[in-house]
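Just so it is clear, A, B, C and D label the chains in written order, and each chain counts residues from 1 on its own.
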Amino acid sequence: VKRIDLAIFGAAGYGGQELLRLLSAHPHFRVTAATSTRHDGRPVEEILPQLAGFYPGLRFQHPDQALPEGCAAAFLATPHGVSHRLFATLHARHPDLDLVDLSGDFRLKDPDTFYAVYGAEHHFPERARDFAYGLTETNRALVRDASFVANPGCFATGALLALAPLAEHGLLAGDVVLAQTTGSSGSGAEPQAGTHHPERAQDMRAYKVLVHQHQPEIAQELTRLGMAGMGMQEFELVMVPQSGPFVRGIFTVAHVRLPADVDAAELYARRYADEPFVRMRAGTPALRHVVRTNFCDVSVHQRGRRVVVLTAIDNLVKGMAGQAIQNLNLLFGLEETTGLWAPGANP
Amino acid sequence: VKRIDLAIFGAAGYGGQELLRLLSAHPHFRVTAATSTRHDGRPVEEILPQLAGFYPGLRFQHPDQALPEGCAAAFLATPHGVSHRLFATLHARHPDLDLVDLSGDFRLKDPDTFYAVYGAEHHFPERARDFAYGLTETNRALVRDASFVANPGCFATGALLALAPLAEHGLLAGDVVLAQTTGSSGSGAEPQAGTHHPERAQDMRAYKVLVHQHQPEIAQELTRLGMAGMGMQEFELVMVPQSGPFVRGIFTVAHVRLPADVDAAELYARRYADEPFVRMRAGTPALRHVVRTNFCDVSVHQRGRRVVVLTAIDNLVKGMAGQAIQNLNLLFGLEETTGLWAPGANP
Amino acid sequence: VKRIDLAIFGAAGYGGQELLRLLSAHPHFRVTAATSTRHDGRPVEEILPQLAGFYPGLRFQHPDQALPEGCAAAFLATPHGVSHRLFATLHARHPDLDLVDLSGDFRLKDPDTFYAVYGAEHHFPERARDFAYGLTETNRALVRDASFVANPGCFATGALLALAPLAEHGLLAGDVVLAQTTGSSGSGAEPQAGTHHPERAQDMRAYKVLVHQHQPEIAQELTRLGMAGMGMQEFELVMVPQSGPFVRGIFTVAHVRLPADVDAAELYARRYADEPFVRMRAGTPALRHVVRTNFCDVSVHQRGRRVVVLTAIDNLVKGMAGQAIQNLNLLFGLEETTGLWAPGANP
Amino acid sequence: VKRIDLAIFGAAGYGGQELLRLLSAHPHFRVTAATSTRHDGRPVEEILPQLAGFYPGLRFQHPDQALPEGCAAAFLATPHGVSHRLFATLHARHPDLDLVDLSGDFRLKDPDTFYAVYGAEHHFPERARDFAYGLTETNRALVRDASFVANPGCFATGALLALAPLAEHGLLAGDVVLAQTTGSSGSGAEPQAGTHHPERAQDMRAYKVLVHQHQPEIAQELTRLGMAGMGMQEFELVMVPQSGPFVRGIFTVAHVRLPADVDAAELYARRYADEPFVRMRAGTPALRHVVRTNFCDVSVHQRGRRVVVLTAIDNLVKGMAGQAIQNLNLLFGLEETTGLWAPGANP
């Protein structure tokens, strides 16, 4: 069996922890370095007791420390703003290192949009074009040939899988309304007001109404799909992210009024027939069936030209670490499902 | 202090339990009869231990049994299809009895719509016109003069308070998209698959996509408001109800593209300035702040002509029992807030 | 109606918020000052939006600022270590001010125990004896005559109401095992690792096994009750606090092996017959029935001399703010239940 | 790779669903029959959409229907009372079929105890002795040589792993108090009052206080371990099962007063050093770290001779389906961890 050694930067965050969890069973990838500024030098299994038994001997190292000999690829599970600086250093030191960045730093191709969205200047704007946008289902060929992958945002993953088939057929037009609800793990491992259990446990609320940072990312990719596909009409994304009282998952409701008479259910069934990680549902998807899996479950509902598409994903897996592994599988010529092919649970 | 004796039909259901809870502190209303077919003859405090200490001596009686002497009004907290038969019997026996019906039986004024929505024939379709539609904030005068009130559905309450100010100004046009998420208590006291804890506790899903029974009710009332107000444009309601993993509350996101340049926030602030139970929010509303209260918290977000309105209510209070009491207060000439004026909690 | 003006110190914490919520409906007490170092000068309704409509005009003030004229009493909802210093300042400035302290600072009568438990020296150890220990059900007479009340800890309240009847009859002996589970609101308003929603929402764990700070408080009061009652036997408290994935409530399981043949159920029924806020249950208590109320529901189970007593309280109400008001009611000669007499809900 | 064909009886229940989930990744076991009376003839992936993609072609069959050719073993994930009748039929038809029964039917070796516990007569009491009691960690040798395994109850698994090391050393004496809290999935797939989300989501309560059916099972096994070990002292189990508002997991707190001076932590560390699925914890175990895994996390706390042992398991995995597979692995001479070796998650 081929062994490919990997590093995870930001391994103590939720993205990093999920990578460690998923990779513990991967037949080819082996984690030989896990960085954490805070836990530098401490055993991974002590800081992350859920992993006890799976990473004996592995200790967190400082991100500035040299990578172990033989590291072929790295995941950057570091925050927005950190990843692109880290990339520069890493790439300079290890020009052959393949990289999957889980942050938003290399997703937006236009530096002005990046500035507007993240409120900070990008130090290597020209580099963004070297990164394949890693929504596997729409960019498989690009990812396969890439050295660098910008892994999609979690909201973007749920939204794009809901809208890509329409975009590819030039069927997005007018207002495209996205109602998306995320679980608390999307806020990361650091305790904060919005994830304080006494106030989150039975609450629901919205945030960043009409101004979420994934909106330009979604728009950019939908436009690209339209361009590459059957042409493009004018459309406007309207996005209202909501916070739900669950831990994992993003549930997406996408509303589109079709510019033409199309059987949407048929179109989606065809489009996703060979996608291993997209499952069409007769009723509606449910978060509980996809949680801790790399699946995106989808249903399509239509009344005349009005179409509603629902998707359910686990924000930390298909929306983050799972999709990152799916991309790295491709990049290394492995079967896309390697290490990820596991069903959901019901209760 | 004036004492008004009341009966509650269907008192062991969640609507009935909530009426009993709220009325325990009402200075004028006194519950002298509580019906339950299943618990006929059993002490209320034994079946509903949360109320122990508040209804000593009260026993459930059969709905067919005569009401105690002096009963001036009744709440019908009975299911759809039961209420309208019960109404006939009750009204025949007690022509002076005032009634608030919490079911959907008398909300829809058009019998054909009723048939289409509830899949059953209405036995007294002509009676629906005798019922004031009890969304207090839009129908206060009607309720005050009514003998019979059709209390709004919980989804309808959240949606209408989000859209009424626009409807009244003829500002609804085109697609009006409603993303609403309900807690599990909306499904009632009877255990069923959709409220089985192991499958609901961390789940999110949609149901009755584009076909929820409250949609015609919302459309009917919005149309009425438009007619009575500044005129009406064509609009189409698009409703996707979702189930969230919380117990109480409905969180509503309403999307409208205005047909004219209007400062929506200003319009809402003005419209709701004197409504005791509607509170405008600077950020976004949160279910946890309204749960167990009769408040509806509202926020308005605008980008050009695109408007998003958010509302948060407790489905069992403002969406059900609380609003029913608010209506009965008006009907009896009491201060609307009587017995309902209590703040929310945070955790 | 008599009006008594009050101040709340630490009013933005969970204890303080709960006092504000409960006092909004109190017919005699009026909050004229609410302190918060962090929110000094900000409107209460802006910081605590759940209270919007109930405290118009009230702004947080700095704890060092002078109290408004006419303040007759104060709640200290401040953390351990803060309260006893605050007490000294306040008492010096306002010698007539009655005080209920919600922290642990004045509960332990023995300074050495205090030091051992809280790891800090007490600056006014002699003062602890001036504070009545405010478990209303066992210390009613003391509280009535006191100027200063040390409100019990939440775990202590649940444990003592489970064990007091046995202690009073000299029936505690040998190992007294306490398994208690608390909701997340007991950790306070400040986000921290233990209340991070993604890690708390479906978790259960223990903490401070055998070393919780309420243990000496419980032992002290049980010993006092034994002394004052039918004599005392040797017993040893064994306490394992657990954290559950709910927001409010403490569920207590107390295990005792009786030193004599006694019908425990009968003893408890008699002891609590006239206690307004203690309700005996035929089955077992349930947190959902007492949440947001001042009730303690109790059940007693026996097999030979083995007795298990279960209690359920809301940690923020009977375990904190509600009991504090209950005590202040007594101290001011009001009916004990004033402002607190409200039932629970079921869902 | 060796292929062993299996049948699952009661495959649509939570035990059965969990077996299907775990076995989907097992390298040797292949499910060729899944029975369900209710879903007879329906595709497994349609009834259990979380498994879509993993059991194409498999349909539920009626339990009376003949097993497919080549079935070497079966799991009985059927309810108490059903399993032992099914066993008789199956064993008569397929004398060579190995069986793991997940119900309580063959755990108790004494028919009188069975009658007392389950309130029903056992039709094949003599058969109970042919079943190895499948707590793998204490009965590995027996299971390896068995044809029939009685898989332990979920509470029993959590309790026995907490107490076995003491029992084996004759260190149980006097009162052994068990406080155990279970998630809602332990109640099975059928909706019922106790698992109705609106009433379970934020609740905690006890049930079957002192009379849970797993108590005799725990006592039987502890006694056996004592006999087989260093001798036996008198002890009495005191068990209070509690229901928590989480889906998966059993958290156990076991209290023992040692009859001798022993370093309990050292004893446990030694006893469990080579157990693959038992992990000693420095702090306290947490359900979230073991959920969906076959691990039992354990911590030991001591004050003099007072010992508290905490264990955390997933009731559906180590407490049910996972342990059943662990046992079948042994029975077929496979590595015990086959198909089960996966870490937990944190959020």
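Following the convention adopted for this analysis, a residue touches a chain if its C-beta (ideal position, glycine included) is under 8 Å from a C-beta of that chain, and two chains touch if they have at least 3 such contacts.
Quantities reported herein were computed from a predicted structural model and do not represent experimental measurements.
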| item | value |
| --- | --- |
| Reference chain B; chain at largest CA-centroid distance | D |
| A-C compared against A-B, more contacting pairs | A-B |
| Euclidean distance of C-alpha centroids - chain A vs chain D, Å | 37 |
| Separation of chain A from chain B, taking each centre as the mean of its C-alpha atoms, in whole Å | 40 |
| Separation of chain A from chain C, taking each centre as the mean of its C-alpha atoms, in whole Å | 46 |
| Chain B residues counted as touching two or more neighbouring chains | 14, 184-185, 189, 198, 201-202, 245-248, 286, 288, 346-347 |
| In the complex, chain A residues that touch chain D | 14, 17-18, 20-21, 24-25, 48-54, 184-185, 189, 201-202, 247-248, 276, 279, 281, 286, 288-290, 292, 295, 297, 316, 341-347 |
| Chain B - residues contacting chain A, complex | 175, 177, 179, 181, 198-199, 202-207, 209-210, 236, 238, 240, 242, 244-249, 251, 253, 255, 257, 284-288, 291, 299, 301, 303, 306, 308, 310, 312, 346-347 |
| Residue ranges of chain D in contact with chain B within the complex | 14, 183-185, 187, 189, 191-193, 195-198, 200-202, 245-248 |
